[in-house]
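Dropping the structure in here first, questions after.
Should a chain be cited, it is by its letter among A, B and C, assigned in written order, with residues numbered from 1 in that chain.
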Amino acid sequence: MDKVDVIIVGGGLAGLSCAYELADSGMTILVLERGDFSGSKNVTGGRLYLRPLLNYLPDIWKDAPLERHVTKEILTFMGKENSTTFELYSNRFNQEPYPSYTILRAKFDRWFADLVSEKGIFVIPQKNVDDLIRDGEKIIGVRTDGEEIGADCVVAADGILSFMAEKAGLRKPFHPQHVALGFKEVIALDSKIIEDRFRLAGNEGAAQLFLGSLTKGVMGGGFLYTNQQSLSLGIVVGIHSLNQKEPRLEVYKFLDEFKERPEIKNLVKGGEVVEYSAHLITEGGIHTMPKLYADGMLVTGDAAGLGLNMLVTVRGMEYAMVSGVLAGRTIKIAKEKNDFSASTLSHYEKLLSESFILKEMNHFKYTPMVLNNERLFNQYPQAISDLFEKVMWVDEKPKEGIYKTKIKELKRQFFNLKTFKDWWQFRKI
Amino acid sequence: MPNDIWVLTEHQDGRVRKITFELLSASTQFSKKTGGEVTAVLLGNGIQETAKILIPFADKILLMEDPALTVYTSDAYLPNIVSLIQEHKPSILLGGATSTGKDLFPRLAMHLQTGYVPDCTNLSVGEDGRLTALRPLYGGKVFAEMTFSDDRPQMATVRNNTFIVSQNLNKSAQVIAVPFQADRNLLKKKVLGIEKTGGTKLDISEADIVVAAGRGIKAPENFKILEELADVLNASVGTTRAVVDEGWRDQKDQIGKSGKNISAKLYMAFGISGAIHHVLGIGTCKTVVAVDIDPNALIFNYADYGIVGDLFQIVPALTEELKKVLKE
Amino acid sequence: MEIYVLVKQVPDPEATVKVKTDSELEIENKYFTNFFDEIAIEAALRLKEKFGGKVTVLTVDNRRVDALRRGVSMGADDAVQLTDPAIEGSDPFSIAKVLAAYLKDKAFDLILTGRQAMDDDAGIIGPAVAEWLGIPHVNAIIGLEVEDPTKEVRVIREVEGGKETLTCPLPALFTCQKGLYTPRIPQVMNVMKAMKAQIKKVDLSAIGLTPNDVGSHSAKIKLNKYFPPPKRPPVRMIKDDFPENVRTLVRLLREEAKVI
């Protein structure tokens, strides 16, 4: 059997980051990607938070194809016929190093793969890994399209449904509760129009989140990100929550109807849909993570369940990249000792827990539970907009005092036992 | 002669292919502008009767008969056509985008160091005799208008059904027998035989009407209902890559990017989803009808008429209705 | 046997291609080895497996060599890139001239290539190179039988309504059609070797050509303008129930479209 030093299964952010970390190690590194090229099967909302990455991948950002740096954060609560928007603009977000950038995965991952290839790493597309090869309990290689290739270490970076983690017996069975479905359109729009509509200067960007009637009572929300010459518009829904709805709702209609809302229609007017994609998102949190290492194997990125719903944002990409780097560092240590056993590779988990990744996943471990509350998606967003609407409405009748209006509405919607309980739960996030 | 337009005749078993009549008709229109003559070039063996069929369609017929020309080979055709061209110096040479045209014309153009545009979907000629050709690129995703250098003749092969056959060209061609001019020692290839497939029906790339089924047909034996429909319409039966890859139909019936382009007057697609590699093969069909059980099937984006329905119900009903209507 | 395979890198059939200006196209950056050329590579490799010898892949491209690497990863022995700034803007006839100029002093038994490239769909290179080299050619073969490579070979090509069998002596050039073979998928280890493989770069002066022989000024055919594909009017869905819909369709085809 032919052999290399490390086989990384999956050429997404986790896999490529691991490869990048190992690029100067002198080892022969093979990345096997099942898509036509890196990025062809990857999706994000989305935006990348750069600052957590600077300690782990400090020098790739100068030439990286990033879209706009986000200076405007927008939160919209949607009722059925109304919506309320909070918009934050901060000079602080407009200072380098910029905290976050919107990105397009097909562009970014592809560029990253080229960068990694230039460093002598073999990134081979159109290769699906069928199985792991074992020697007893030890993982010693992979089988791809019938070809067997050996390695000291196999890195599972093959995404949320990780076949590799499953084959290695590391992954727990999947529950619909742990998974959300995100689907989006990329809508091409002239950059000047984007800057006008969102009131941005130069390469500034906006990130907008939507909560409320757009998901028809299903747990989830909408998002809109400005790229340089396009908008990323999409919706995320929790699978478990979706399954509970009777009759069965057709998810692809959500986005069509969302686009019909005047709040959205006017933002995307004149744009051309150039891409439609969907992807599963891991939201199970720290409790549903698989085992992260075995004899001859490490698990990174979505495959390791490293993803988080922080309510105001969904994290995954930074975790993927950093976990890839940490896996790379662990492999370097193992190579020096020439020992790829589980006990040596367990160092990877130690590195993860010392990093922001597991710390954050711990802080937000109750999020899935707290978010499993229909009122967050049905009632409260509607209530906020209704309150605002009542306050702003003037007609033939003599207008009531503002305070009175507010109190009446607050009493109706918010001052009740259920809401108090919900508020109590919110402390956990 | 400086403004003459020549058409290479495509023929088989005494029958002249329709593309030749289309090109002769178009050439007549062009020659009205340029003032030249329209000549049909006919190479073969035992083709006296074939030549007669062409008489109403051209001003001149250059007839070359020889056993070595019985079946087309570039070895035998090329040197003969070259010497004819060098003698008579036509301005334009047209041929069909057929197996012969595609095999011969590029080589001929290279030999004569002249321009050649393949697989054209339109041609026009200026008063100065300059040819402009329109052809599809990238499988038909874009079209390119091409012009020629000053080298002559300007050569082009043309797709079926690009031009309409005109029956009233008011011509009576002079048939001129020309001698075989190639060095027989240089004839290297030998045709051993042709295995006819497809029975009496025309090849899908030539047929005026094509009916096709995709995966929706579910099993190879079900093609029978399509054959019956094809019989009523005098159509040929095509299919998609998916069906060919399953082994249900032969590669020669495949319509699409890695199969054939068809330029039918009427194309009917049954149970074909409309994947891009298929629809690129039907772009130049005049009228497209699509029948599929899925109302969202992509094929409807490329059709003129559509029915959402079960092909197993629609096709036999269509056959019956057509039998009735066409009898009248 | 000494076999050369002419290969080209073309946009994926699924890549979007749009008209940007009259003379420019916007093409999605998804380039792969031309499918028909892969079939040619496969044919060459099978002959090498049967008779021994060498397979060289050859391309004319100033930018991309992935098609060459693909050939090497499938099993070709050598890769040659004909590249020169003067080649920019050449028409297919000039490209054929470049290929022929390289091949004319090589002792080859067979040249194989795809029946057309899936970008310009022209099918000119194969026959044009054969003409320039003065060797016989057969277009769009779907069968190839070689018993004794020093004698003649048997090929089958598609013609309208059938399949034609011919004999042809070597050296010759054949263009390959779908159905001849299914190209093998390269193994990972071979892809890795191909990624590191040395590619021989050859310019015009090395093959005895000057910039005047190629490029846009020596082109025999010129692009005037690009057009987007003609738009069909939106489909007319026949909404009647069965069997009225069938009757309506026939009526429309007869009276409106006038095709039956």
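Here is the rule we use: contacts are C-beta pairs under 8 Å (C-beta built on N, C-alpha and C of every residue); 3 or more make two chains touch, one makes a residue touch a chain.
The structure displayed is predicted, hence computed values, not measured ones.
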Examine which chains touch each other and state the graph shape they make (line, ring, star, complete, other).
line
Where centres are the averaged C-alpha coordinates, which chain has the largest centre distance to chain A?
B
Taking each chain's centre as the average of its Cα atoms, which is closest to the average over all protein Cα atoms shown?
C
Chain centres from averaged Cα atoms put chain A and chain C apart, in whole Å, by 42
Determine the centre-to-centre distance between chain A and chain B, using the mean Cα coordinates as centres, and give it in whole Å.
53
Using CA atom averages as chain centres, what separation in Å is found between chain B and chain C?
21
What part of chain C is in contact with chain A in the complex they form?
12, 30, 32, 185, 187-189, 191-192, 195
Which of the residues in chain B end up touching chain C in this complex?
12, 17, 71, 73-75, 98-100, 102-111, 113-119, 132, 134-149, 151, 188-198, 202-203, 205-206, 209, 233, 251-252, 254, 257-259, 265-266, 276-277, 280, 283, 286-290, 300-309, 313-314, 317-318, 321-322, 325-326
Using the touch definition from the top, list the residues of chain A that touch chain C in their complex.
2, 4, 30, 32, 36-37, 117, 122, 124, 126-127, 144-145, 147, 149
Of chain C, residues touching chain B in the complex
11, 13-14, 16-19, 25, 27, 35-36, 91-93, 96, 118-128, 130-132, 136-140, 142, 154, 157-169, 178-179, 219-230, 232-233, 235-238, 242-243, 245-247, 249-250, 252-254, 257, 259-260
